[in-house]
Structures are given as structure tokens and as C-alpha cells.
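Two complexes come next, and they have one chain in common, chain A, joined by chain B in the first and chain C in the second.
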Partner chain A sequence: MAQALLEQIINGTMMGSIYMLVALGMVLIYGVMHVLNFAHGVLFMVGGYVCHFFFTQVLDSYLLAILGSMAVLSVIGLALERGVFRRLRDNLRMQVIASLGLILVIQNGVIAIWGPNALQMRITTTDIRVPIGELSFTLQHFLIIGTVGVTVTAIWLFLTRTRIGTALRATSQNAEAAQVVGIDANRMYVASFLIGCALAALGGALLGPLFLIFPTMGDLPLLKGLAAIIIGGMGSIPGAIIGGLGIGIVEAVSTLYIPTDFRDTVVFAALIAVLLLRPQGLFGVRVRGEA
Partner chain B sequence: MLEARGLTAGYGGGRIIVDGVDIDARAGEVVTIIGQNGAGKSTLLKGIFNMVPVRRGSVSLDGAEVFDQRPDRLLAGGLAYIPQNHSIFPKLTVAENLRMGGFLLRDQRLLVERIGEVEAMFPILVERRDEYAAGLSGGEQRMLEIARTLLMAPKVIMLDEPSIGLAPRLVDQVFQTVRTLAEQGKAMLMVEQNVKKALAASDRGYVLELGQVKLHDRADRLLADDRTAQLYMGARPGGTAPSAEAPEGRP
Partner chain C sequence: MTAMTALTAMTAPRAGRLAIAIVALLALAAPFLLADQPYFLHVLILTMTFAIPAIGLNLLLGYTGLVSLGHMGFAGVGAYTTALLMMDHGWSAVPAMAAGAAAAGVLGVLVGIPCLRLRSHFFIIVTLAVGMILFALFNNLDGITGGAEGLPGVPRPGPLDLGFMVIDFRRLGGFYWFALVVTLFALLVQYLIVRSDFGRSLAAIRQDEILAAARGVNVFAHKLAIFGISTALAGLGGALKVMFLRVAAPLSFELLESINLVLLTIVGGAGYLAGPIIGALVYVAIPEILRFADAWRLVLFGVILVAMTLFAPRGLSGMIEAGWRRLRRGPAVTGEEAADGRPA
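After this line comes the complex of A and B, so read on.
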């Protein structure tokens, strides 16, 4: 039992790391722009495809393919921010519709380019096994956990220790006050979209080789990431980090006790429970002016 | 120092709130704008600071035309604006809030130096440096807003209802701070509902009604003026005000 538990905790930490990347990107964009970007999952998926493309067609280096994918998605994010979301500023309904529309456009675009079938990406880290006691995991598991750990730490330091990072947090807390201290909101929008999309790409590029790369691979990470930021408290960065990791571990461990098919049910039951018991989320604060 | 001429400001759909206002504030002076709710006081300040979608007219700062400049350029040029209520960053620490006040300063040494100066002026901010600003009392938050503004060493500070929501003792303290800053040579332009205390701390005052300047005079004269008294402080029982159409003071 202890073996099985350890196995699921490691699996859960790996998946939780992926959810963390998605949640952190979404919460940054949401906090600064007040856009709940439902297209974040398809951007994650595109990150997987672009990484695959760079790896198989151009670079033959997984690291460079990941970086290339992050760069491409940053540019796509920039274009979406400029071309779509900035124009719909302060129009929540249109933003939701636009982000749902983007899912259709991007998903079908990917199918048009790469076809509907899953792609496989063979890299050495998925073949190397790391034994832990009687268990063994792919090296990719630990590569994911380590990379996400380093990335999230870097983002955290950026947000808390740098001038621009503090300005990003300031803008997400009080946009009007940010304007009167001279923070240019448009620059903050660009920064949050850029970081958010790069994180989504990193997620897709890390998960792709372990499972497969297919047009709906971002759907579940999107839903789990969304659940993570709601559980963590909308707009809370520590909430998104801990929420993402927590969801990964809870759903993995739950498979020990209940059928695997109910894994997603467990996550959303936990979401409902949090909403009932603590509607502002674990790390959220009640917003002034809201009941 | 600050001069707005024919300033018209409003929001989308052609809603004009401020209609051709002439207003100025000179160095060393406290100028207060009073008027009922909806008279356009806040919109006037926002209009000067280029934060409303519809605006016409001219704004000059130190003799230079700045009407078309973005808020961050205005701030860099010496015009600061403290909006009404809660313009702190609640989940940044007091120290981080101050540093954001100097966001536009590239020279970090100068920023540190100025933070030292304002901390000397407002010692409470030193004591609570590492706490979230949300934990400060209302009066302390107001001091933080003012202190944060001073980091850009502005020549003109516009304040939207600095006394709102504060206990009487703290109201006096805020107006005292405003006076002190004027004595240091800054032009202070504020919007206030607390008419008596605000005018008592001011040199000049403007009375705004339906987006237009109704009266403009020295603050002590406005205080003594029956029209001001009746409209904005409520009618005094047995007072000298002519019992016109609004004896109770309209909402």
C-alpha cells in the first residue's frame, strides 16, 4: 500500500506540476486583464505540436525545441492580446465568447495542419527509467517536476523581487491605482499574456512526449487549471500554484480508492466542496464591493 | 502652475459630465472644489489627468500645454493624482506600495533617498513597512497614498475627497498635511464633501454645479457666503439664507 501510495504521489506531483503551469498562466492573465482565457488549453496543445515540429523537423534537441515552442507561443500570445483581447477590454461577455471561438479556430487549424491523429515524440528521457525501491518512473517524470519547480520559482522571484513583476501584481490588485502611479496598463497586458502563453507552451512541450500529442490534449489541463485557480482563490498566485499541485496529487491518490474513471469527478467534487465551504477560495480574499 | 481652460469631460455615449470648466491652482496654494454629488467634481480631476474617454479643452502645467499627454507622462511632468478611496495596492506591503509610487523613477538611488524622506514625514509607514497595506487603518492608508505620490516630487497634487470615511481627528490631520505640502511650494487641488473643514484649510474654492463653475472665490468668502452655506452645508435654522427652493439641501 505504501508503495502504491508513493507511486501515485509521484504521478500526482508530475501531473500537478503541469496543472500548475496552466493555472499560473491563467491566473496571471486573469489578474492583470480580467480575462478568463478559455483558449489557454488549446495554446497548451499548440505548444506540444510546435515542440514536436521543432524537434522532428528542425533542431533535434529537446531543450531547444521546448524553448522554440515557448518563443512561438509568446508571439501567438502577443498577437492574441493585441488582436483580440485588448479590443474587448472591459467587455467580459465578448471576451468569453472570443476565447471559446479561439478554441474552435485553433483546434481545427491544428487538425488542418497536422491531421486528427495523435503524434508521438520519442525522446531519450521517456525511455530512461528511474528506479525508486520496487517502483520505476520515466526520467521525464522527474524532468517535468524539476523544470516546473525551477520555472515557478523563477516566476515567483520575478513577481516579488523585480520592479516589473511588482507592477504586474499592483496592476492586478488595483488597475486605477496602477495607472495613477504611472504603470502603463498595456505593457502589463503584454507581459502577462506573454508569460502565460510561454508557460502553456512549456506545459504542452513537457507533457507531449510522455503521453501523446493530439488536438484535445489541452482540454483536461485547462479544466484542471481552471479548477485550481478557483480552489486557490481567483487571482491568487500562491493559490494557483498550490491548487494545481493539490489537484494533481488528489486525483492520482484517489485512483487507489475508487475506479480510475471517477478521477475527474473527484477533482470537481473537491471544487464544489471548496466553493460551498469557502467561496473565496483557499487563498482568496473577499473583494470589496462584492457580497 | 496648473491651469485648465474650457475643460469638457465625459464618458461614452456622449454623456458630458464636466462642461467647459476654467480652473487653476498656483504654487503654494490649496484650492478646493466643492459641489453636490453628480456635479462632476471627480470627473473634472479625471479629465485633467486624461483618464476619461471624452474630453476637450486645454490643460497646462507650468505654462506648457499637456492636454494630450498620457497619465504617466503627466506624472513624470509633475502632476500627481490621488483618486477617491482605496488607491493603495492592498496585497503589496507598505514598502512595495511606496516603491510603486516611484515606478517611473529610473534612478534607484534617488528612489531610495526619496523613500527615506517620505518615511521621515510619515513615521507610521516605517513601523508597518513589511505589512500588507490592506492591514492599515483608513487614515494610515490615506497617508500612504499621499506619501506614495510624493516620491515623484510632484509640483501639483490633485486629491479626490481625501477626508472621506475618516474620523474627525484624522480629517484634521489630512488637511494639515495638505496645508504643509502647499507651504512647501506645491499646488494642491482637492475635491471635497467636507465643505467646512476643507474650505477652512484652503486659499481658494470653486463651487461646481451640473458640470459648470457656479462660484469661484477666496475660501473664507465662500465659507461666509450664504449660497454655499445653503446649498452645500444644509440650511441653518433661523439662518440668513433666503428660503429658496431647496431648504434641506438636495441629495
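After this line comes the complex of A and C, so read on.
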């Protein structure tokens, strides 16, 4: 039992790291722009495809392919922010609907270009096994955990130690007051979308080699990311980080006790429970006029 | 009040009434006109199975301003309830459908009581989560729902003897009339609600919740009532769908279907009486029309949709309305009028 528990905790930490990247991107975009971007999952998926394209057609270096994918997705994010979301500012319903439309466009676009079948991406880190006691995991598991750890730390430092990062947090806390002290809101929108999409691409590029690359690979990370930012508290960055990791571990460990078919149900039931008992999330602060 | 003007624009002038009468006659006579075109009848019935849940969603999205991303989950509750009552307990079609709609509506109220107090985007996410949970139940409770394979062999209504003719609902033409009657019932419900004081209070909530509350509208009670009615209509549509397809399968009620339902409601024009019908027609017909575009047709559909959120937020009904006004009054539609559009 202890073996199985350890195995699920490591698996859960790995998936939780992926959810963390998705949740962190969504919470940045939500915090700064108040956009609930349901297309974040398909951007995650495109990140996997672009990484695969660079790796097999152009660069033959996993690291460069990841960076290339993040760059491409940043450009796509910029285009979406300029072309769609900025124009729908302050219209929550239309933003949600536009992002649902983008799911249709991007998911079917990917199917039209790459076909509906899963792509495989062979890299050495998925073949090397790391033994821990009687268990063994792929090196990719630890590569994911390590990379996400470094990335999240870097984002945290960026948000707390740099001028742009501080401006982002200020806009997220109070957009009007931020404008009063001279922060350019449009630049903040661009920055949040750029970072959010790059993080989604990183997630897709990290997970792709482990679980194949296919058109719906971003659906569950999107839903779990959404759950994470709600459980963590909408707009709370530490909440998104802890929420993402927590969901990954809880759902992995739950498979020891409940049939795997209901793994997702556990997460969504937890989400509803949190919303009913503590609508501001576990780490959120209740804001007047909200919730 | 654009909804009202749309309504009067559509019903008041003689031309509008004439158009409605012609459409109604054509709809009624379709099984004769398309007697040798079973495929078209099939497409029309399929359109109606999407239109009914869309009418439910329209009351929510278009008239009250609430987004539900789990509506096909509620449609599934109605569908499975109806299928089980007919197959295991020998109920006849109409009471089984009524029970299915009631089950979906009751579940809607139970979900609504705690969740409708939440802020709008939290509510959106809760509906998404409820839809996911319902799908997981349909897909995995093998003993009740038949799991991923679903429940095959859902019966259709027994024949109806009108004296001068017998309508056999097991045949395509007969079932078309059955579907048409159910759809007209849903449209009637929508019309009566929108035209009532209750409907006007809903519009007030959509436009400004706080102001509506200040004017004495019990916002929560109104939202709860309309959510219950809306989910019941979704259940009714789901029941019709499984009766038509003769199988209750979980894939009809998955998340993607719920999302598509929102999209088709927007394309048709949320907040217009005819919006759900137009949206469902376009949603079922467009993939057929764009068949030449093959793999890219859903991409194109998505692009049109995103463009509509940006440039025509009132959907096709809104565009038709604007075009109609321009025809009658010349190019006198002011920019202000166009922009006064309700953010659907």
C-alpha cells in the first residue's frame, strides 16, 4: 500500500505540475483582464503539436523545440488578445462565447492540418527509467516536475521583483488604481496573454512526449486548471499553484480508493463543494461586491 | 426592449404574419412535400432535437443573461429518465417525456438553489462541472445507463388514430409530426414566458441585476424559476432525441454538445423567439452545405462564430431584424440603434 501510495503521489505531482502551468496562465489572464479563457486548453494542445513539428522537422533538439513552441504560442496569444479579447473587454458573456468558438476553430484546424490520430514524439527522457525502491518512473516525470518548479519560481520572482511584474499584480488587484499611477493597461493585457500562452505551450510540450499528442489532449488540463484557480481562489497566484498541485495529487491518490472512471468526478465535486462553502476559494480574499 | 421590437417587427406587419403562416404551413406539410426525400426529413427532425434544448438555453442566455455550459447534461437526465420509464416500466411516450422533462427540471432547481447565488462566471463553471459529472454518470453507471454503449431500443410513441387517418410514429413522416408538436409546445412556452410579466422581469435582471432588485424583483427566485424551466426544456429535447435515434447514448450529452448548444444559440440570435430555430437549422445544415470544404468546415463555422461575437453579437436573427428595418425605412438605422444591441 505504501508503495502504491508513493507511486500515485509521484504521478500526481507530475500531473499537478502540468495543471499548475495551465492554472497559472489562466489566473494571470483572468486576474489582469478578467477574461475567462476557455480556449486555454486548445492552446496547450497546440503547444504540443508545434513542439512536435519543431522537433521532428526543424531542430532535432527537445530544448529548442520547447522554446520554439513557447515563442510561437506567445505570438498566437498576442494575436488573440489584439484580435478578439481586447475588443470584447467588459463583456463576460461574449468573451466566454468567443473563447468557445476559438476551441472549435483551433481544435478542428489542428485536425485538418495534422489529422485526428495521435502523434508520437520519441525523446530519450521518456525511455530512461529512474528506479525509486521497487518503483520506477521515466526521467520525463522528473524533468516535468523540475522544469515546472524552476518556471514557477522564475514567474514568482518576475511578479514580485520586477517593475513589469509588480505592475501586473497591481493591475490584477485594482485596474483603475493601477491606471491612476501610470500603468498602461493595454501593455499589461499583452504581457499577461504572452506569459499565459507561453506557459500553456510549455505544458503541452512537456506532457506531449509522455502521453502522445492528440487534438483533445488539452481538454482535461483546461478543466483541471479551471478547477485549480477556483479552488485556489480566482485571481490568487499562490492559490493557482497550490490548487494545481493539490488537484494532481488528490486525483492520483483517489484512484487507489475509487474506480478510475470517477477520478474527474471527484475533482468537480470538490470544486462545487469549495464554491458553495468558500466561494472566494481556499486562498482568495473576499472582495466586496464580488462572489 | 429590442426583443419586444423584434417581436413586433416579426408579428405586427402583415408581411411578417404572412411569412410565419407560410413557414408553419411548409413545416406542417413537409412529410408530404419531402415524401421521397427521407434524408431531408431526417435532418429536419435532428434540427428539432437541437432546437428544443436551445429554446431552453435561449430563455437563460438570451432573456436572463445566464450562461450554462452543462445544458446537454440536463438533456441527458431527461433522455435517460424517459428511456428507462418506457423500456423498463412500460410507460407510454407522452407521460414518459413529461416525467423526463420534470426530472431534468427538478435537478436544475436542486443545482440552482446553491449555485445561482454565485457570481456569473462562477455559475458558468459550476454548470460546466455539473455537465461533466452528469456525463461521467451516464458513461459509467453501467447497471442503470448501460455505460458507454447506452440503452439501445428506445421505443417510439404508439400509433395515433385520428378517425380519418392513422399516424404511425414509428415511420419517419409520422415521427416528424410528433417532433413538430413537441417543438411547437417548447416555442409556445418560450413565447408565453417572454410575453409575461415574469419574462419582463427576467429582461430587467439581464439588463441590470442590481437595478432590478432595487425595483422589487426577487432576482434569485426569478433566476431559479427560469433555470428550472430551462433545464426541463433541455430534458424534453433530450427525450425527443433518444426517441428519434432509438438509443440513449452518453456521447449525445457530453461537454462538447453543451458547448455547441451555446454556440448555435448565439449564431441563431440569443434573445429572439426564432433564434433557437434558426441556430439549430444553421448548425445542422451548415456542415452539410460546406461539405466541399471537408476538414475545414468546422474551422470555418468557428471563424464565423468568433466574427459574430465581435461584429454581430445579436446573431442571425439580429441581422435579419436590422436588414428588415432597413428595407422598410430606408438606410435610416442609426449607429446608435445598431449598438444598443443587448450584449447577448
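Assume the second predicted complex is superposed on the first by the 289 of 291 C-alpha atoms of A that agree within 3 Å, B and C clash if a C-alpha of one lies under 4 Å from a C-alpha of the other, contacts with A are read in each partner's own complex, and residues count from 1 in each chain.
Simple rule for what comes next: a residue touches a chain if its C-beta (ideal position, glycine included) is under 8 Å from a C-beta of that chain, and two chains touch if they have at least 3 such contacts.
Note that the coordinates shown come from a computational prediction; the quantities given were computed from them, not determined experimentally.
S.K.: According to the contact criterion defined above, which of chain B and chain C contacts more residues of chain A?
M.R.: Larger number of chain A residues touched: C.
S.K.: Contacts for A:105 in the overlay, against chain B (first) and chain C (second): which applies, first, second, both or neither?
M.R.: Once the two structures are laid over each other on A, A:105 reaches chain C alone.
S.K.: Contact-wise, after the overlay, does A:114 reach chain B, chain C, both or neither (first, second, both, neither)?
M.R.: neither
S.K.: Between chain B (first) and chain C (second), which, if any, makes contact with A:275: first, second, both or neither?
M.R.: second
S.K.: In the overlaid three-chain picture, which partner chain does A:174 touch, first (chain B) or second (chain C), both, or neither?
M.R.: After superposition on chain A, A:174 lies in contact with chain B alone.
S.K.: When the two structures are overlaid on chain A, which partner does A:265 contact: first (chain B), second (chain C), both, or neither?
M.R.: Second partner only.
S.K.: Which residues of chain A touch chain C in their complex?
M.R.: Within the complex, chain A touches chain C at residues 36, 84, 87-88, 91-94, 96-98, 100-106, 108-109, 111-112, 219, 223, 226-227, 230, 234, 259, 261-262, 264-265, 268-269, 271-272, 275-276, 279, 290-291.
S.K.: Considering only the defined contacts, which chain B positions touch chain A in the complex?
M.R.: Contact set of chain B toward chain A: 49, 51, 70-72, 75-76, 80-83, 86-92, 96, 99-101, 103-104, 134, 148, 152.
S.K.: Quick one: in the complex, what on chain A touches chain B?
M.R.: 163, 166-167, 169-170, 173-174, 176-184, 285, 288
S.K.: Show which residues of chain C lie in contact with chain A when the two form their complex.
M.R.: My answer: residues 61, 65, 67, 114-115, 118-122, 124-126, 128-130, 132-133, 136-137, 139-140, 255, 259, 262-263, 266, 295-296, 298-299, 301-303, 305-306, 309-310, 313, 343-344.
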